[in-house]
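Across the two complexes that follow, chain A remains constant while its partner is chain B and subsequently chain C.
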Partner chain A sequence: MSSNPLPSNTSRFEGCTLTGALSITTSVTGSVSIVHGPSGCAHHNFSLLHATALEHDGVDAPSIISSCLSENEIIFGGEAALERALARAASLNPACIFVLSTCIAETIGDDAGAVCRVDWGVPVIPVQTGGFLGGVFDKGVNNALCTIADTAAPSTRQGTVNIIGEKNLEYEVEENHAELSRLLSALGLSVNIRFVHHVSPDEIAVLGRASLNVLRDEGQNPVGDHLRARFGTAYLPSFPSGLFCTLQFLKNVAAVCGVPSHPAVTMEQAVQEEVLAEFSDLAHTRIALNGAGLAGSSCGIAREVAGALTMKVSPRGCRVPLPVSPPVGTAGIRRMLHRWRRMINA
Partner chain B sequence: MPECTNPLWPCAMTGAAAALSGFDGITVIIHGSSGCYYYPATLLHAPLQGTFIMEEEVIFGSEERLLQVIKEVSAPGTRVAVVTTCVPSIIGEDIRSMLASSDVLLVDSPGFSGDFEPGYLKGLLSLEPRVDDQNPGINIDGVSLLDPFFRGNVRELTRLLNNAGVPVATVFCADAVEKVSHAAPFTVTTNSDLASGVGRTLGGTLGLQDLRATFAAIGDRIGEADIGPVLREIAVKEEHIIQVCDKYLRRFDPPRAMIFGWASYAAFTAAALMSYLDADIAFIGTRTPILPDLPCPVERVDSFSRVRDLIIEYRPDLVIGSSFERSVNPDLAFVGLTPPLRGRVRLASMPVAGVEGMLHLIEGVLNACMDRNRK
Partner chain C sequence: MKQIALYGKGGIGKSTTSANLSAALSMQGLDVLQIGCDPKRDSTRMLMHGSFIPTVMDLVRERGDAQVTREDIVHSGFNGVRCVEAGGPEPGVGCAGRGIIATFQLLEKFGALSGDVIVYDVLGDVVCGGFAMPMREGYAQEVYLVTSGEIMSLYAANNICKAIRRLSQRSKSTCRLAGVICNAKNMPREDELVGEFARRVNSRLVQYIPRDRCVQVAEMHKQTVIEYAPDSEQAERYRTLALRVMENSAFTIPTPLDINELESLALEYF
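Right, the complex of A and B next:
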């Protein structure tokens, strides 16, 4: 049926909608996420999210309830199992309950929406998922962000900035956030909310107060469009990455928020010069960009940084590692250069 | 099946994949979506393949896609095994007929059909293991890529059997696939929750008492075996264990322990702690339905919320289990026994079975308890 063979049809490898959505919903504090499917689906995701929490030095386990569909429900329908899971979740008195479907529930045709519309005494929010039947990982992330955004009402803007769609499973998520906050504070701006990264429903309610939304990456443009339509908030399509683009980011944010950019840009140029001076010993080193085929955007940044340090990029050079996602801001470049130096000196 | 909060144990599909991918000469294809593929691929650290089916295959059929992937991964000297996930199992395709004319192995082990262990056994038995009465060695079973200690267990039992002059026959499931059809008539097990049922079992290898009995049985059954060196090693090492545990008890109270994991691992650990440290085993939570007969509360515990409630209720000072249990209260002394063990770097191949397994357990328990007592 598929016209594309294994290697070229990359959409096949982009993960599960359910995992993407859970990476967002489980970051709403005080909430419970129900996975309507076999317990294995919930276990796979709980294990992944738990491991990620440990990597981030956290100990809080996400709260996920499985409707535990087994052969019986697959034959006779799983709506009663979803009702039991909802009753259990409601008994925990959460701030809200997210209901996420799986490919197996979609295949057997359960009407999860109808079960969610019953009054459970707490807000029940169905999120469009459906495992691979719902799309891919990023689609799950975007669906969850748009669904949760709809719980907030428009409000008056207060000159702050929202950070939208942080990759909650990313190893460097906190470091990337710290760098973005540093750049914003250089412009005299503060973060309104991290949407959605460990925020409560009360905090989400003020989503519309920001003057600007900064998206994690361009794959979230549909979320940026959704938020602009709902709240009228402008957005920038990605976190800053690269020497030139980090400076340009400061100018773009300043322009949208109506603040002067020159002092912050001058200060950041000085920071970048300090970083490049710190790694001046790498000048004229010959490097090969490791994994360039997998990290195209990181490759572009790596070439820019190598050029700034007068390093030579050559297939016969020392293979240096590239970040999976492009390094964020000047701090991201500094960490990347430490990894390069370790590899070059190894 | 009742609803469950934060389920802790992998599904039958992962079990089948773990059994089959442990054998060299088998290429395992997970027939399902990328979401179903990535979990066993990352958990088992095995080179699994996937069909990565999408919506169009669910609607119009997955035959063409499956055959395409089988063709791509087929190679001389390897046999392809297809493990089905939930959706392909229920959409009504006759995959068995589809593959009837080929040498491809089909294991229908969808996640909704049960837990890891039945899936593991189904995967193993799909290879149709056979006993060769002329094989002079002994099989090792209970080995699974899911187990963080599987490699250490195989190395330790290989060492002990070699010290007794007995060759290792087939390792279920971490061996060359050709050896599955020439297994020895006798088997020792590292984990009875994953017993293969292949060959006559001579006993377990968890704990020095079982190890002694098992090697005595080996001496009785295998004429060429010289179990003397192994029995002497057990005696010497046990004396070391007694000495260090006695020294610990001169300063500290015995630990009050809760143990979570496979029933066989949990029972062995409890017996060791009671025997050498006079420990109070407050509670045993098994991941599997089989409950060991021990003088303490024992229950099947397969959800994180239950683990949390139990640890709060029983107030142990030592927790033995997985990183799930560890995260409930990181201030408690903790020893890793059960998958997954996340958040720690683990490079060496440490065992649970055999003499070294017992030493590793006692060492871990004493160090964890002393570190906590000194806080």
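Right, the complex of A and C next:
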């Protein structure tokens, strides 16, 4: 056991490809995800996704079926077990079925792709997710997004914006989306689809209609590239974060979509000033940034906000929490400042 | 109980040597168990007069492990030699190495690993941990390499030396190289070459078995040489091998050669 308790000192801190892919596929409404491997791989992920959904007040358990490989399937091959799982999944009459591989299925060389190509009466989409191949959680997310994107056909652009790769397991997924929608609507733009957050295969079919894809963060650039190659859609590599960058985000979106940015930027500057005024009681407070090694990318934003409020960052200051992911938009900064105030006034 | 394993390149004659060795050992009055650890399942065929016995893996696949009994998998062949074939998955699917591990677990469960001598006849290349199973603790402590003087055969034998050396470094490991058996292709100076190879890997040539037509004739009659032509010179060679195996106590940790050393050795005797 590591003597240093930081999560970043834990093996596979970056997680498993399978879990990342399931966080996406289980968010396609009406679908079933088959985990082709021992039942433990499915159970472990089911538990994680279910627990997270409950934290988010979700009531639906993720729709996951295991092909339940045991020792005999490992020796004799697991393709027949996958066929049984597919037959069971197809009998549930889902909108589509995802087949996700595991370490052991990849090790023994099961050809899941060939089993999926059989006509099962519903679309069956294989996603390669063997964790031992070196990919991490984010790689699973990206693999799933690219694979699902390939089910949509290119179409005429209609001046809308796609939200790409929302982190379905993060706490503020809905708050972040609401903020992004608010910023886009200030530019007169609307969201085409949330790819993939509680969307159906029918909605995914119109993925190519957007004029712009906004990625959740830079780790999804391979997805942005994939979508640009398939649909010709430009992308911005991350949600806006920080005072300056949120204003810049509005300008960047406006430039790509060919709409004027000035009114929205002016309006947002006023919103930011209101937020800073709301927390003016924190001026001159000494704070220490406490991210437990997880929130490096939030540090710069925190310093920018502290500077705007004339707070002092010092190791001897009051330890305030940093969000694991950088706060999204002006609303994200407001939530961060609320948490800081609670710590400072505690 | 003596447990020995024969390893070597595919097609080099491990099964022929194993079957004749088991037959010769049984003629000494010993209770012998031969286990074929190759999905090809033909290790014990000559001991069984040409019949392919059901393999452990076939039975498990067809019935499930719970329905398989000791009697289903252990078959009595020539002179009471007990024969087992591990078998494996259909070619091209699954994991044959895991099949070997599962077979050993089942044999352990049945208490079938008993008698005076157990002869493990193992797939030529130790391609994964499963095929190293017979070398692990509790199984074969004495490994014999079967090789001809051909370079690819020596190369495979040398690779097995690497596996033995690696396994021998583990705590509690008792696996050792017991010797080299030259199953000859009748190349010039083949006995000298294989003898020198054995010496350089820190072992010795235990028996030289020249290529002899009577092996093929015996196999055409679905018998071992020991059974078909007991008075032949070849049968005598197998009997000598059996005596030497039982008397052998020179077990070593091998010193495998690097490829350049191996090739220049072969060139010296070419």
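Please note the rule applied: the second predicted complex is superposed on the first by the 331 of 346 C-alpha atoms of A that agree within 3 Å, B and C clash if a C-alpha of one lies under 4 Å from a C-alpha of the other, contacts with A are read in each partner's own complex, and residues count from 1 in each chain.
Note that a contact is a pair of C-beta atoms (placed from the backbone, for glycine too) under 8 Å apart; a residue touches a chain by one contact, two chains touch by 3 or more.
A quick note: this is a predicted structure, and the numbers were derived from the prediction, not measured.
When the shared chain is aligned, no partner comes close enough to touch A:L184: not chain B, not chain C. Shared-chain residue A:T107: touches chain B and chain C both. When the two structures are aligned on the shared chain, A:G77 is found in touch with chain C, with no touch to chain B. In the superposition on chain A, A:H44 makes contact with chain B only, not with chain C. By the touch criterion defined above, A:S67 reaches chain B but does not reach chain C.
More chain A residues lie in contact with B than with the other chain of the pair chain B and chain C. In the superposition on chain A, contact of A:R88 is made with chain B only, not with chain C. The residues of chain A shared by its contacts with chain B and with chain C are 71-74, 107-108. Only residues 1-2, 5-6, 11-19, 37-44, 46-48, 50-51, 53-55, 59, 61-74, 81, 84-85, 88, 103-104, 107-108, 131-133, 136 of chain A touch chain B when the two sit together in their complex. Against chain A, in their complex, chain B makes its touches with residues 1-14, 33-36, 38-39, 43, 52-58, 60-62, 64-65, 68-69, 72, 86-87, 90-91, 110-113, 304, 308, 323-324, 327, 330, 340, 342-343.
Residue ranges of chain C in contact with chain A, taken from their complex: 57, 60-61, 64-65, 88-90, 93-96, 98-99, 102.
The part of chain A that touches chain C in the complex is made up of residues 71-79, 107-110.
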